[in-house]
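Common to both upcoming complexes is subunit A, partnered first by subunit B, then by subunit C.
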Partner chain A sequence: MGKSLLEAAHENEIELEGACEGSLACSTCHVIVEDQEYYDKLPEPDDDENDMLDLAFGLTDTSRLGCQILASKELDGLVVRIPSATRNMAVDGFRPKPH
Partner chain B sequence: MLPRLASASLGALLRPGGGGLARTLASAAAAAEGGAGLQFCVVGSGPAGFYTADKLLKRFGEGARVDIVEALPTPFGLVRSGVAPDHADTKNVINQFTALAGDPRLTFLGNVRVGRDLSLAELRRHYSAVVLCYGAESDRRLGVPGEDLPGVFSAREFVWWYNGHPEYRDLPVDLSRTSSVAIAGLGNVAVDCARILLKPAGDMAATDICSHAVDQLRSSAVKEVHLVGRRGPVQAAFTPKELRELLGLQGVQVVMDPAAFQLTPACEAEMAAARMKKRVFEILSKARAQERQGDRSLHIHFLRSPAEVVEAEGRAAGVRLERTRLEAAAAPGSDQKALGTGEYETIPADIVLKSIGFKSVGIPGVAFDGRAGIVPNKLGQVCGEDGASADPGLYVCGWLKRGPSGIIGTNLVDAEQTVDVMVQTQGSFPAVAAQPAGAAGLRRLLQQRGVQVVSFADWQRVDAEEVRRGQALGKPRDKLTSVEEMLQIARAA
Partner chain C sequence: MRRGPRCVQRDGAGGRPCCPARPTLAFRGDGDGCGATPLLRPCPPLQDKARKPDWLKRELPGGDAYTGIKSKLRELKLATVCEEAKCPNLGECWKGGEGHAATATIMLMGDTCTRGCRFCAVKTSRAPPPLDPNEPENTAKAVAAWGIEYVVLTSVDRDDLPDYGAAHIAATIRHLKEQTAGRLLVEALVPDFQGRRECVDLVARSGLDVFAHNVETVERLQGVVRDRRAGWAQSLGVLAAAKQAGARVTKTSIMLGCGETPDEVVQTLKTLRRYDVDVVTLGQYMRPTKRHMAVAEYVTPEAFEAYQKIAEGMGFLYAASGPMVRSSYRAGEFFLKNMLRRQQQEAAEQAAVGAAA
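== the complex of A and B ==
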């Protein structure tokens, strides 16, 4: 499945914006990965994601789009920050959800 | 069977002070602070307006009310009239705004233009605070001879024409008698215009572009589109995605002067400082190296400044360009300037589009900086007309606040800033003078004046009719462009 951070945030009522609904046409779900080690575990952003990241507010070296971070076991413990304010959100593992 | 990870899902936990929890706490705090009972009005229903409404409802608690007043019967501002028809995904934000409009604390009042149907002073009497988010409805001028000839339009007018803005549906565009179009400006609006003109009409016909524009594109005689910019490839404002899309159009040759790609040390430094500029330069360089075949051509003229629109038989026939060179900025960090060299050349142009920037227009009753084209403000709090530091209860967000740049998401950050300031300055909100306050009072006033207010439910009937008409044509919607027709459908409830 590989649910995205954006979807997971919305299912958990975390206020992560997603103006284009994960279609890579905006940068409102921009998040900053707190830990370089976790950032390096993510597959590299492709051109489409970089196009949008370039327009993101408060871009950093460990910025990604929430809609492009997909759940995987290695990412257990990933912590990201939403740059527009001081809001933090932690992802503590991937618990099964009923399908 | 699903892979092992498939049984897993992201479970997100909040840190103290994080997202949803913070929101709950903030709402509770706002209600406790006396946010209950405040009546807000947002003028304009584009991204700045809707994001501002969203933040107001979140920050001022359950008791707050937000009314959005919109000049057209249709909401969403530039998402509807600006975003290119072939960029459907960018318009997905409409779903979010529509969901927000379903909040019982929010009221949409369409077909109400402040400054026409009621004055700003009259509006303000009904509210604790008013946020101006009405954007930019005019254009910067080139300031060259021939600028007002028939055949010269602003890019905004052209975009509003193909996107069906009611006031521009009858723009005198005749593509069947146009072989060359010159576009002054190297931003994304210029790129949108060029792409719409160069893309196969059949591709455009399947989008929500207006039918009148599809008819024109089908009979288009356009063979050449010229983009003109005073500065070089490193200074151009277009972004990688839009540029890549334009340079990759099928059947379109791309022509650029190689000399523009010899960079000055200052250009190299500019590029090193901004990843996006480097990516743009790479995309341009790659396109230059490729041989493309096609019966249409795109010419990008860097380091050229429009000096005059050339006339023939009473209309635009070309643009005289002056070559420029870049001069390094005197102060470190400021932009390189384009200086004229005195060498000229002329390009053919039956239509000239000026795409050098939108400009906001002031309304009576609020301070306005005509040169910058913005309402003077401090982080969104509007300055007094008399130069006072604040006009209590009046705020601004979006292009009217910061000028015409940025993307839809820029307004999200902007709205946060304005609403933050509103929370901090809520003690200065004037008492509501009118009874009844808010939407009820406005409706009464507008009814007396014979103004038909379009509710969000009314708009949704117009929306459904557009979608219904679109289905017959294989389009997501066929936009209505006549206000009278929209009002008829709105009345039919």
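== the complex of A and C ==
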């Protein structure tokens, strides 16, 4: 209870980056909430979170930062999707030639 | 959020859970054939895309010089980026010996940064603790007492401060010079001060010997690798401004293995030279923790050597290039050696001109 999704992901070895450790200084823990219903249950993101979300790769209408989603009874069954690439890295299967 | 739902990984045939017993959040993939995203590896535990090669060996810290430095640093209450960022060379640099003095890079303004770059293990916070006004003087006294001949200063970013910490850094440099009667060589690896010219000038004119600021990666990957407040043009601007303000030597570093191409690296070197940057270092990006960016590629020692030759051919004062090289790796030794070489070259040229006259 009260744990952030980012923390829970790390504890379960899900590869969700959290470069700034949940201090709203990056968008590497960007997740997409699958269900509109669950998205609506979450408290509104504040300006600081929105600033970071704006820069996230693959932003959607139900995007949130994983570090800002806190566990609660209401959210039981929440399903989120991790965007298939963070900004620019290996998009559409592109692999740079080795040096 | 209940723990316990199984991880859901769909195959092309449309749905077959993998590892039903494994407690994890329910994630669905959305790309890549098997249905799982490149970021998801439910089993086995997550690994880098590339395997860490043998040439990235790491000597465990130890020995008298190392423990001596460690206790001295604690006694003097100095923080090193070596420890904070988990540098792999810590054991080697601190040990010293073999003709070069031990080097440590002192970190100013605390151990907590206002930015969250994807490659960096330093702690992040929107509001780190306030600066210690005595730090410049105390650091100078401590380093002077330490007796080294070359010190590298670096700092976290402090976007929470009105001058981003520029005055604090400049004061530290001035104190260091005063406390050692100018004998100590000072290299400062500084933030971008959000591109503010007055801040750059303040530091560039503080008496330091080497003004360093890292571009970190090629232009295309700036937004991917660094915090959003950092940028290519801004960092180049800082390096150029420092030169214009009178810094004798400017220096920068880039990490390889973040997804850049060889052409981009060469282009980067060309651009840096155009901005009159004197020193460049290239090193392999190594992922500090699982919470950080994955390594895209482990660049071979041969490729690093090739870049070294290319950079030297472009006229840099020197280039340090190798998998384990970091910005301040053996900085004192290389600086002294190459400055001496440059002075000798210039003296030789002078003599030739004189003889021809």
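Throughout what follows, the second predicted complex is superposed on the first by the 83 of 99 C-alpha atoms of A that agree within 3 Å, B and C clash if a C-alpha of one lies under 4 Å from a C-alpha of the other, contacts with A are read in each partner's own complex, and residues count from 1 in each chain.
The rule we apply is simple: contacts are C-beta pairs under 8 Å (C-beta built on N, C-alpha and C of every residue); 3 or more make two chains touch, one makes a residue touch a chain.
Everything numeric here is computed off the predicted structure, so don't read it as measured data.
Of the two partner chains placed by superposition, subunit B and subunit C are both touched by A:E15.
Shared-chain residue A:N50: touches subunit B; no touch with subunit C. In the superposed model, A:K41 makes contact with neither subunit B nor subunit C. Of the two partner chains placed by superposition, only subunit B is touched by A:G2; subunit C is not.
Residue contacts after overlaying the shared chain place A:A25 against subunit B and subunit C alike. Note: residues 3, 5, 8-9, 12-21, 23-28, 48, 52, 55, 71, 82, 84-90, 93, 96-97 of subunit A belong to the subunit B contact set and to the subunit C contact set alike, using the contact criterion stated above. Here subunit A touches subunit B in the complex through residues 1-3, 5, 7-9, 12-21, 23-28, 47-48, 50-52, 54-57, 71-73, 82, 84-97, going by the rule given at the top. By the touch rule above, subunit C contacts subunit A in their complex via residues 1-3, 5, 23-32, 37-41, 45-46, 114-118, 120, 123-126, 220-221, 223-224, 227-228, 256, 259-262, 265, 290-294, 296-297, 299-300, 303.
Listed in rising order, the residues of subunit A touching subunit C in the complex are 3, 5, 8-10, 12-21, 23-28, 34, 48, 52, 55, 71, 75-90, 93, 96-99.
Note for the complex: subunit B touches subunit A at residues 2, 4-15, 17-20, 22-23, 87, 89-90, 92-93, 95-96, 239-241, 244, 275-276, 279, 407-410, 412-413, 416.
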